[in-house]
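Each of the two complexes below includes subunit A, the first together with subunit B, the second together with subunit C.
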Partner chain A sequence: MSDPALLAIRGLRTWFTTRQGVVKAVDGVDLDVLPGECLGVVGESGSGKTATFLSVLGLVKPPGRIEAGQIIFGGRDLAQLPAAELRALRGRDIAITMQDALTALNPALTVGEQIVETIRAHDRGVAGPAAARARAVELLRLVGMPEPERRLGDYPHQFSGGMRQRVMITIALSCRPKLLIADEPTTALDVTIQAQVLDLIATMRRQLGMSVVLISHNLGVVAEYCDRVALMYAGQVVESGPTRAVIAAPRHPYTQGLLRSMPLLSDPDRPIRPIAGQVPDLIDLPEECRFLPRCPHAADACRHDIRLLPAGAGRWARCVRIAA
Partner chain B sequence: MSPLGVVERLLQLVPVLLGISIVVFFMMALTPGDPVELMLGDARATDEQRQSLRHDMGLDRPMHERFLVFLRNAATGEFGMSFHHRRPVRQVILERLPATIELTLAALVIALVVGIGLGVLAAVRRDSWIDRLSTVTALVGVSMPGFWFGILLILLFAVTLGALPVSGRIGYEGEVPFVTGLLLVDTLVASKFASFFDALRHLLLPAVTLGLAMAALLMRVTRSAMLEALAQDYVTFAEAKGISRARILFRHALKNALIPTVTVAAIETGTLLGGNMIVETVFGWPGLGRLVVEGIFTRNYPLVQAAVLLYAVIYVLLNLCADLLYATLNPRVRS
Partner chain C sequence: MTAALQEARPLVAVRGLHKHYDLRRGLRRLVDRPAQHTVRALDGVTLDIRRGETLGVIGESGCGKSTLGRTVLRLLEPTSGSVAFDGVELSTLDPAAMTVMRRHMQIIFQDPYASLNPRRTVEQIVGLGIAIHARNTAHETRERVADMLQRVGLSPAHMRRYPHQFSGGQRQRIGIARALVVKPQFVVCDEPVSALDVSIQAQILALLAELKRELGLTYLFISHDLAVVGHVSDRVAVMYLGQVVELGPARALLKSPAHPYTQALLAAVPRVEAGGGERQRLQGDVPSPLRPPSGCRFHTRCPHAMAKCSAIAPTPVMVAPGHAVACHLHEGAPA
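And then the complex of A and B:
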């Protein structure tokens, strides 16, 4: 973690206080996003991927709250930033595409309005409505929308899933952000459209020179598109490093298990073994390794709080066996 | 909704109105009390005079014949003579209609402004004192009988404070030429501003009384619709775009929240018409509602039948209006 990171998350804790208890959705996350890179964030459902990056944008809603940690971006701690400054930064410096484009786009407003309002919010009225509209058309054409002028007046439900995703990407990129957070951009799409959308994000990243955080369930997708990868488990990052190195020689037992549970193109006959056991309940977690109940290497040394430890060139892992 | 859909809905009016006609006719005809006796009162009329009056009013004919006459009248929009006024029913109703329309519109405006305004405020400041206060007020507003609230207002503002008039639409000196029949409009057309404010002062208490329950209802509907909208992903995404809080509230959330609110409002306007009868009676408001109440007491069959049919038509049209508004506000229904 020595390079000057674009975004550095340190010790982030985002908890949800519910009637059943405190859900520690994000519980001590350390993460860097380097300038211009694509970082893959992988983890099972509920591991805290979305909660982590909503925290970055200051968009965690009650009963959720950032309890601790720093979110350093452009020399400032976003966790301490006044609301107005954070709003000015959202959409302009850090943009997000949400998990489900159908619910993230407002059903009662035309997509044109939803794109134009973003452009106009950040250029301080320099561009009039007509200029902002022209810009929206140009952006839609850029993301591969046919007949962009006509489609500006359409509502979200009139688009296909893939086209809705493109609209959301258009909105996110409309102010040329330095960082794009793409939260599972392809989960809702068919395979061919998935590749188109991921290619679009990769192309835009090159054109704008921005960093991308690609959140995904799918280690295969991340292997193809991301320079580095971070694996999340039960609200913590358990391993991170250059994608190729991590996949070739995973250091954390969770990563190892995850890779064994995936089919390999190179060796289709290899038996697939799912990780035994279940994801822990995020309420009342004990102060010990989160993966302990499912780990084949469980030992007494794992029964206290484990931190991310350096594990080779640019690599980190949250496992006592690294230090040994 | 397509134009064809609108026509279809209007055609559906026919059986509805027929059904209502039957109910209204027989309810009135079977209610005890004889209009002839009521009209003559204590006057010492001879049997012959009674008989002649009964014949004039068509009451000497058999029930089924009277019903057919009534249906024919209804179909042509002619309802014969008002027993009491001895003038055509249509004329009597049209004279009183503007006063009722003015009162209803004023109540509607109050209900919309107060209901939607407080609903949005309560949702945005959820669980604050203002939210609790408006929730309690709304509860009181829905459950309090209109006539009682009206009397309280009269006692406070008219009797105790002497700030507002007790009844009527306008003072004698404020008469203006008839243009629309809505005094707030006609006084302005005649450039009589003193009369305008006089009419406004007369309108205030009855309009508040009439609009209270609807304001309370709209407040509840708006609040819950706003809270639901504010919890949606599209609001989070709008926030992630860095647009202003005002835009998020009034463009993103409210546009969606208005869909149920406006639908309820259009339907509830029909209920306002019913409330008119009570409010107009309490405030001596010379409108259709009070006319109907008087008509019921004097067994003025033609008048009441015509008025109830008119209410029914308006009610059904308001429902149609609600559907059209719903479709206009909701793009998913429109296409």
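And then the complex of A and C:
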């Protein structure tokens, strides 16, 4: 984990206290986002990928709580920041787009009102409503919205899924953030529309020089669009490194299993091998490797708390076999 | 799609199948003209499903692939056209005869959360089909349910539990057990793994393949995931706005797609195995099925569109043995 990172997450624990027990949704996450890079965060449902970045933004709601760890951004620890300062930072320095644009956007306000609201909340340089409106039109044109002036007056339900995702990206980019967190931006979209939206995010990243965290369950999406990848499993990062290198030679048995269980379009006859078993219950997890019950290489040495270990050339893996 | 694709005795023969939805309500039916208010979910689909094969169906939301699966099973009544199962024309069957026929044709649904009755135990859910289709004693029914649960990787001890006590992957196993317990010949798999995580998806795909081998099943496998369809299918049909635009052997179709839509669809899939880079992109959204484009329906987004594409609907031609495509670019191609 090299300096100087734009965002450095260290030992983050975000737990949810429920009647059944404490759900350790994020349990010791170490992660860097470098300036200008696109980092892919991959994991299955419940792996903690969304909870990690909601923690970064201070958007974890009770009963969830950041129990431990640091979130260093711009020299400050966001985990310790007062709510008012976090609020000023959200949207201006770090922005997020949600998976489901239809529920994330306000159905009772026009798209124009929602974009203008964000611009005026953060950007004191924009004088009045007219200037903010002009900026909104310019931004919508930038994200490839046809007839932006006319569409400012439309409500979210009047847009297609792909166009709604563009509206969310517009709102997220309206204050030129340094970091965009895109949480499953294309999961609800068809494959041809998915490609349009991902191309748009890649173009905007280059134009604005920002960093992007692309949260996805789809390793293919991350392989095509991200410089680096971090794989999460049961609340922890189990492997990270340059995307190409990780996919070509995965070091963690979970990453290996995930790649073997995916059918490949270019090689339909390749047998797929499922990972046996299921993701562990996040309540009452023992202090040992979380992948142990499903791992083909399970051994006694795995029955300890395993740390993320350096695995060469900017790579890290949470597996005892790395040290050996 | 064409006469050449129709073999002597397919298990399922679909001919000119239409399913239209009239969106006019109440008195609007008297006032509005039907043409502008009709969704043509299926608009003339002809294909065969061969005994023992897996026919994959791919296409984007709203292309009619799920409607096809349901209309083939007569869970939806077709507007016109015919479906023959093992030589029997389904539209001629009265409800009692159709119930008997349903033992041979079953469906596995996409959403393992919504498709299982939350107030029934696993034994009741899986056993219901046996109760309808066979005159078994309670003891025999229980044995068959227990046997089926073991076959799908669950335990007979699960029989008394309710769906909410299971994970998504386990629920999909219950859905599979429910479909297969009556020993069908033909199963429509409607996005059976789309709601599941990748590692669980692979478990369910492996299970479906194993059961197909053991029980000699025929699948109509509907999915928006091209890699999944390519992996499981013998042949693939590509749908766009209610029509089949290309149908052929899975390997050949994925390796050298003939229709510009299939080409664009394949180009858009992000792959772990290939490096990034600029690729062909489709512009715009899928047009509304309420107002499908004239001529070839894909001409509004097609990079190769010619003058006649907006005027004349292409008829399917064979580009290779068993590989048909409906596109003006291929007219006059050697069959």
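One rule holds for everything that comes next: the second predicted complex is superposed on the first by the 320 of 324 C-alpha atoms of A that agree within 3 Å, B and C clash if a C-alpha of one lies under 4 Å from a C-alpha of the other, contacts with A are read in each partner's own complex, and residues count from 1 in each chain.
Just so we're on the same page, a contact is a pair of C-beta atoms (placed from the backbone, for glycine too) under 8 Å apart; a residue touches a chain by one contact, two chains touch by 3 or more.
Remember, it's a predicted structure, so these values are computed and weren't measured experimentally.
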item	value
Subunit C versus subunit B on the shared subunit A, clash or fit after superposition	fit
First, second, both or neither for A:T192, with subunit B first and subunit C second	second
Touched subunit A residues, subunit B compared with subunit C	C
Which superposed partner A:L265 touches (first subunit B, second subunit C, both, neither)	second
First (subunit B), second (subunit C), both or neither touched by A:G28	neither
Touched partner set for A:R87, first subunit B, second subunit C, both or neither	first
Partner chain(s) touched by A:I275 [first = subunit B, second = subunit C, both, neither]	second
Contacts of A:G69 with subunit B and subunit C, given as first, second, both or neither	neither
Subunit A-centred angle between subunit C and subunit B, computed on Cα centres after superposition, in steps of 10 °	80
First, second, both or neither for A:N218, with subunit B first and subunit C second	second
First (subunit B), second (subunit C), both or neither touched by A:A104	first
Distance in angstrom between the closest Cα atoms of subunit C and subunit B, superposition on A	13
Residues on subunit A engaged by subunit C in the complex (per definition of touch)	44-45, 160, 162-163, 190-196, 198-199, 217-221, 223-225, 244, 247, 257-259, 261-269, 272-276, 278-279
Of all residues in subunit A, those that touch subunit B in their complex	54, 57, 59, 61, 87-92, 95-96, 98, 100, 103-109, 117-118, 121-122, 155, 157-158, 168, 171
Complex contact set, residues of subunit C against subunit A	60-61, 167, 169, 197-203, 205-206, 224, 226-228, 230-231, 250-251, 254, 264-276, 279, 281-283, 285-286
Subunit A contact footprint on subunit B (complex, rising order)	231-234, 236-245, 247, 251-252, 255-256, 259, 329-332, 335
